[in-house]
Amino acid sequence: MLKGKHLIDPMDFSVEEFDKIFELADQIISDPGAFSHVCEGKLLATLFYEPSTRTRFSFEAAMLRLGGKVLGFSEPNSSSAAKGESVADTIRTVACYSDIAVIRHPMEGAPKVASMYSSIPVINAGDGGHQHPTQTLTDLLTIKNLKKSFENHTIGLCGDLKFGRTTHSLVKALSRYKGNKFILISPEELRIPDYIKKEILEKHNIEFEEAERLEDVIDKLDILYMTRVQRERFANVEDYLRLKDSYILDSDKLRNANKDMIILHPLPRVNEIAYEVDEDVRAHYFDQAKYGMFVRMALIVNLLGLNLSEAAFDKDEDTVKRTGTKIKAIKNEFRKCTNSKCITSIEENIPQSFYTSNGEKNTCRCSYCDHEYKIQSGGDFDGTIDKECENNRLISGF
Amino acid sequence: MLKGKHLIDPMDFSVEEFDKIFELADQIISDPGAFSHVCEGKLLATLFYEPSTRTRFSFEAAMLRLGGKVLGFSEPNSSSAAKGESVADTIRTVACYSDIAVIRHPMEGAPKVASMYSSIPVINAGDGGHQHPTQTLTDLLTIKNLKKSFENHTIGLCGDLKFGRTTHSLVKALSRYKGNKFILISPEELRIPDYIKKEILEKHNIEFEEAERLEDVIDKLDILYMTRVQRERFANVEDYLRLKDSYILDSDKLRNANKDMIILHPLPRVNEIAYEVDEDVRAHYFDQAKYGMFVRMALIVNLLGLNLSEAAFDKDEDTVKRTGTKIKAIKNEFRKCTNSKCITSIEENIPQSFYTSNGEKNTCRCSYCDHEYKIQSGGDFDGTIDKECENNRLISGF
Amino acid sequence: MLKGKHLIDPMDFSVEEFDKIFELADQIISDPGAFSHVCEGKLLATLFYEPSTRTRFSFEAAMLRLGGKVLGFSEPNSSSAAKGESVADTIRTVACYSDIAVIRHPMEGAPKVASMYSSIPVINAGDGGHQHPTQTLTDLLTIKNLKKSFENHTIGLCGDLKFGRTTHSLVKALSRYKGNKFILISPEELRIPDYIKKEILEKHNIEFEEAERLEDVIDKLDILYMTRVQRERFANVEDYLRLKDSYILDSDKLRNANKDMIILHPLPRVNEIAYEVDEDVRAHYFDQAKYGMFVRMALIVNLLGLNLSEAAFDKDEDTVKRTGTKIKAIKNEFRKCTNSKCITSIEENIPQSFYTSNGEKNTCRCSYCDHEYKIQSGGDFDGTIDKECENNRLISGF
């Protein structure tokens, strides 16, 4: 079922596929020893074009604890990229040496490009501000273990909900389960994008409210998901400095919270959670890191098909499964993706490609960064693009 | 006995604990094959916030030769530290992935902070100019193997004895054994600190003399410990250039040395030992590197408790054992450690903390960098500090 | 036969030794599982003073797939070299920790120096523009597998033939087999050096022709070896920009090529091969990468002597075997190697040393970088050097 697939977008996998991974993760947690040789003879390549200790350690520890081995680089300047090699060439070479690859890249869509040229499974470990699917898997496994189910929770998302893709992905993922309610806590400037409200929440009749002050709503929450205000996300320093200290969780704010509320955070935390909170029994962000390793163990085993006897990896078929629509490569001289953060903006050899998501008529998206464009109203998508959409959104695979 | 302990300061371990480690090291040396699977399934995390190939290789080779596995970073910029994460948060996350951690950090006390928040054993692989305990273990195992005992040696320490913590630790360690004599060879500017003479050597009635010229005393030595004049240790370049070439060991100087004198050096050597000396049978600084790997193997096995059936790791108890005095966290608005190299100077969340060493009345030290302060004369330590001591010294755990 | 030897120069090994390696490589290819534990308990040290993902990955994957383990650094700044340690000291320390070492270094001759001080086998993974022997092994194994023999081929070498040592080594290696013909395709500025024509090709009566346009000769080729125009090789940017786009292989040029011609490239490719060519069945440059891993597996097994029961490693004897002539260390105040890229130009402790190759009378070469010098005409080499040769050449070990 999952053998040979890539994980590029958190929504690449169905609810059934997610369950399959979480089920295996729970087996591993209950008896790690039974899995300590599952990946013997297998090599994981960790290609980090951008440093990220936590994510890299989590993947490497996962592979090593499965009895596999690891090779890779943790910085661009120690890679051939310095010699101007394309992502496509790099993955094709790496695929000669290893059995599965993890890629983190500052450009959006880079892991997607890698998956298109790769003969081995590719896992996206973060492509700029675009996607970070294994963080979503981590969050879900943590919730499943600490709250026993994915249903009927009131989830508070707090902090930077505009740029924080982690929270967007979590909303999408939890919207696939019954009876959940969201409380979106953020400053005016960092509100969650409209398309998430309209096309995820409203479209699926999911209850939600927005709030400006954590104190006002903390007592209603089963799950409080704190996020960091990332310096990188701000155009100017003033905005950053003005906003960074809003929404700091401390013992005061916690006084009104439910006794069984759980506090999550993707980490690293800077100062959005006071250190005094670490001692609180409701603080689970370090457990989260542990669940992150176990879910990656389950993911690797599944993608390598080591626990299954399945048909060999069919890439095209898989691509269809993955994006929910076959990618059309378009010869389109006068039109290319205009997102300056898209991998296509620095690698010309990549064929421009856009897709339409199931049921959408008037828009299409770049196949790599999911940047959205208007298409000729009415008729089917013929590859002609009118203009960029104002409110650029991301509902890939939904 | 050692299971679950941390090694932060060379004096953290008793003579008995040292012996235990050296005994195991000798067993490993005589039959490495017997230990090649002892650490199977165990992960070592190497956190190098400052590069050090030699030390890192030594630890990684040690773990790999024990059948364990390794993950880590070898430079700060490839770590989450870049995102402003605290040492405490980093170690708590790393502890989710690995079974034992090695930390090298430019700030004094950083590994100590890590040990306070860590659920796994932490080994200090060097914290600025503060401590480097496994170098001391390396020096001792080398002496034990080449000179057959720790007693009745005349040890010459040559070079930078002011800043060279390695030599300070060696004096402390060897002062715990009978019949040793020290000859301290250094230029006026780089003499060994007074407190070492007063509170280690004199206090323990250990014979020692100071000399300015290696030639004058080399014939008396059983052990010659050469040290490097480190550029990093000098405030201005002139001083460095003027001093760096003093105390260069060459064949000439060796002519009067005993036939069975052994030459040691922590390495890397720059030019303080002429290359011609490498051919001399008395040169053992490369053997030293090999002993360094074996003693680290023994250390890892002991801290992981793999050769023992012991009670589970008790952190508090251990802290007491370790520092020889329970650390008091002090709410002390008007007073914090003034050492600009102390980890507390860059991480505000760390509770200011000072300790008094057994039997000392009028002084206390920062629990992280061991920087010394005057306390209210007379009565017991109540957390109030008068002022910094002029001659700052380090006798932790003695 | 190969146990304990070093591989510094592609010509270090005889045809028989090459065959031995290729034979083992083929066994590994046909049954990798049979070799997955051959290097158990062995450590490979990868010392990359210059980054090179591809080469490093290839060696690391090779060792890991043999059941061995790896430690190393991938950049100079994370190495002790930063502290000014010599190559000799570094290798002697690394030899304490590991069983075999791979070195990449920007200075010519650095791996040679390492091999002189090393008690473990040293493999040159590239020393500046000097030598890259495992690339030659890779090219040969690829040819052997895809063309079934090393004889009677017409080989086209295209691109930078002046600076591209890869092509020089390939000419030397293939000149040792029967019936091969070379077509040397390059711009005037990047012609293959005269000494290769005179002392390799003509001397061994090997047919060759030179061409300026790939289109004119592509139809004659059995093997087309494309090379990259490396920015690093150019003194000024203008030259680079003017030349870099010459000799780009695309579908057009391929139209007249033989159906069974094979296209090779050392990689990374920048734009000298159009991406459309990747789909062509004749494109084998990514297979080449895979053969590179297998040949390195065979090399490591042979140098560690794991498939043989041989006499222990004798360094001197080996040095003779290796260079085809015993290196004479020369006390020579008034003369040192003048090549600014030679390791001896930055490490003064290395004894100046020159050698004469079998049968040559009037010239000698630096033992480290093979830079060539005139010696007193007539009589044997007595260590006196007259002057540098204009046309500096490299025929080491031929």
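Think of it as A, B and C in the order they're written, each chain with its own count starting at 1.
Here is the rule we use: a contact is a pair of C-beta atoms (placed from the backbone, for glycine too) under 8 Å apart; a residue touches a chain by one contact, two chains touch by 3 or more.
These numbers were taken from a predicted model, which means no experiment stands behind them.
S.K.: Examine where the copies chain A and chain C touch and state whether the two sides share over half of their residue numbers (same) or under half (different).
M.R.: different
S.K.: Since chain A and chain B are copies of the same chain sequence, what is the angle of the rotation superposing the Cα atoms of one on the other, rounded to the nearest 5°?
M.R.: 120
S.K.: Take the average of all CA coordinates in chain A, do the same for chain C, and state the distance between these two points in whole angstrom.
M.R.: 43
S.K.: Could you list which residues of chain B touch at least two other chains?
M.R.: 75
S.K.: Going by the contact rule at the top, pick out the chain A residues touching chain B in the complex.
M.R.: These residues of chain A touch chain B: 33, 36, 48, 51-54, 57-58, 60-61, 64-65, 70, 74-75, 267-270, 275, 286, 289-290, 292-293.
S.K.: Spell out the residues on chain A that touch chain C in their complex, using ranges where they run on.
M.R.: 41, 43, 45, 69, 71, 73, 75, 77-85, 88-90, 92-94, 96-98, 349
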